[in-house]
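Just passing along the structure, written as structure tokens.
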């Protein structure tokens, strides 16, 4: 694997990424939470307030949504970004949102603190190069059919343009198993951290697609060494415009968060 | 599967696509041939001349190459497009080349007769929408982890913007089998033609990654009902800047072409 | 791949297997047809008569069925074997049936002309060794997760016990694609024939699980170089005790057979 | 999924399995350790002594080995079983060993306290029925291409013959990712425990095939809710007759065990 910039160095140090007051990669546990898509001001503000109160440190919310069908809700676009940014500011939460088009990188960079490259665009090399030119951290989700090598080389694309603030995100791969939406490949967490300097976040919401698996797989991700989690939370999942079946409601998110800190502390001993 | 524009109609007719003097989807067999990447004037002209002489009807050649590593040859860019267009004109061959960036769609449309969306960008919905707005045919390769449904819905994205001249291209999916580069899924050919109105081309070069499989799998693709083939041909595969191991040299391509017409005619009876 | 007995020899010859008056591996096309499971005397006799009249040369019929659920029909056992043998004799068709247990190898060998090892038992090495000790041909189906190497090494197990009359059968592998029951991997046909001396049969019934794909994929299998086909045929598929959805009725089988010989002859030229 | 005997009951209780002084399924953490294959008296005794001293509670050791090639070491057979049993008795460790043949079930039951069905035989229904008739616990490994449903239905086969003392073992599935030997599917742990009454053990040795992943994936398995772990340990992995690359040496096993109890206790709070 021809990695130059993101490969593990001899001193075995890792890259530490700072986003406002949040630090990723220093051994702490970062929870990114929020709805799949920003839908209304009320929805994103309520969610921001609640996830902040439970200890989440970054707010997520999609404005440009990569949907399998052109007839599904495609996101609010720039209006969604504005609402996300306002909600983040109101509750002191840095925000992350997905960028899907090279022409929208500067727009996203105006509103979001972290730019997300989704699984479907992991090998959209034009987009990778474009986010490689900005000065904001990028979260690179693993593609559905991406090997570990493909994924790390995609990160290398970003780094090769000058931006080394890259956060990897394992979100499950496609396999023959249809019971879960994807097969969450937790082995990729210690492997990616071993081979590269980059922090690794796990997304059990997409990685399993089943609400009842979020808690055990969040625990497992932490135990595998993940630097953080990305969790879909919605005030009313059954009414969500996308991914409702894998989103937690507030009570479920509270229940999840109560478990995470003790486990993380226990593992750090 | 929520298909509106590309779904099979009651009369079971198919979409016929005309590119200059070439027709795809009318029951004839179309062979698209040429190098993985345009490398030099000499290389693309020689290849164009040869494939034309053997019965190929469209010339392929990459100018913007989606390479797994940022340190691999990335293509000649616009210079490659110019050479491709000139070679196509010199030998009366319409040309096809891949577009990877929404910002380059108009550039590609200037030079190429068909715009190719590669496997890695099959769910790059911004790009799909952008090529949906032009007036040239688009060839949509199947993504490495794309189900039949994902693939057809990606085509629907293009159609939903107004461009229904879409050619599907099966090029293999990722499976556990590592002997071949991908697993060529020929069942997708009759299925896609059954469910949609679109013609389907098969790419055995990427679909197998092994030169010795191009001939039998080309025959099989025709027998499965494919409307055409896309074959990588290079004057000197061992010296190619990309995909040399799966490219045919001129003698091998000649040998392949000799077999195809008789089989196709036999099947049409 | 450490093949000793079944690897291709320098003279590039292939193994020719004779079963009564049927020859497999000499370039002719062998069609094995019959129901998934033997259900009644009437069912197997009617099917035998019909498939014989259409040019099939071997009769299939399961007596011991490997069903995913213990509560599904498990086959008629020895009674099924008796009926199969009688039907085969009545219509001069050698018969093939699956063996699932080392203790039943001699029983099967008493009734069947070819013993089948199913996909689920491809790496049941005790069973492979046991059928390696008999004097009857063995058809080895590829396992659902078996690489080409695993499959050929499983054949080598049989050969290593003395029985080199082995017929390989490609029947699809498990992938993320759920539209078809399995993904029929036709590249495995030329590859297995290239690496080993063994003939290769294709089973499009299990390989696709969809009745409408049997015809195109049978054509494709022949074009890829298969030595034969195995097709599930039932007098009344909608009433079959197993695999009805992928079985052809008599009219469909007749329709299929009409296409095969011309294609095969065309390809041999 | 048509489960009758092993499905979760209304009271949400789980099956608790007792093997001599060891209990699986009551919330405690059981570690099964030992070499892939029994090789010599010295090897198995030394390993038994060491793993016992570190807190393992069951000794593993293969006597009949399912090897991909017929030319690989096939195990010591009954002699291996004798040595395993003696070592287990010497150190008060119940022992587990794999059975591959219906004819050997009674032999195995004579020596082993738990009979293991390997991944390759998960759908060897004759074998499942045979171990369903004995009075000893059975550990059923998940097949390489087995869905959750296939796996649980295979367990139902055993139960349907009268033996409900079944332990499930997740050991990785086959995917396109070749960096690891298999893809360890930890989501299957909470799912299988949710749907069925059976305890679930995780085998990170086969599940990853990489020594450096055993520790993080053992931690993750516990965090996902596994009832235990199965770990390959060898006095000198580099000299092992099978699976040396994924076996831990004594120092590595000691290091692993030191981490497990604190994590397990922390999670139980």
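Letters are used for the chains, namely A, B, C and D, taken in the order the chains are written, and counting of residues starts over at 1 for each.
Following the convention adopted for this analysis, a residue touches a chain if its C-beta (ideal position, glycine included) is under 8 Å from a C-beta of that chain, and two chains touch if they have at least 3 such contacts.
Just so you know, these numbers come straight off a predicted model, no measurement behind them.
K.L.:
Counting C-beta pairs in contact, does A-D beat B-D or the other way around?
P.N.:
More C-beta contacts join the chains of A-D.
K.L.:
For subunit C versus subunit D, what separation do you get between their C-alpha means, in angstrom?
P.N.:
Computed from C-alpha means, the inter-chain centre distance equals 34 Å.
K.L.:
Using the average of all C-alpha atoms in each chain as its centre, how far is it in Å between subunit A and subunit D?
P.N.:
About 34 Å, centre to centre.
K.L.:
Counting in whole Å, what is the centre-to-centre distance of subunit B and subunit D, each centre being its mean C-alpha position?
P.N.:
The computed centroid separation for subunit B versus subunit D comes out at 48 Å.
K.L.:
Considering subunit A alone, which of its residues make contact with at least two other chains?
P.N.:
Residue numbers touching two or more other chains: 145, 149, 173-176, 178.
K.L.:
Among line, ring, star, complete and other, which best matches the way these chains touch?
P.N.:
It is complete, because no pair of chains fails to touch.
K.L.:
Which stretch or stretches of subunit A touch subunit D in the complex?
P.N.:
145, 147-149, 173, 175-180, 183-191, 194, 207-208, 210, 212-213, 216-217, 219-225, 262-263, 266-267, 269
K.L.:
For the complex, give me every residue of subunit A touching subunit C.
P.N.:
174-176, 178
K.L.:
Hey, which residues of subunit A end up touching subunit B in the complex?
P.N.:
The contact residues of subunit A facing subunit B are 2, 4, 66-71, 100-104, 120-121, 123-127, 143-145, 149-150, 153, 156-157, 160, 173-174.
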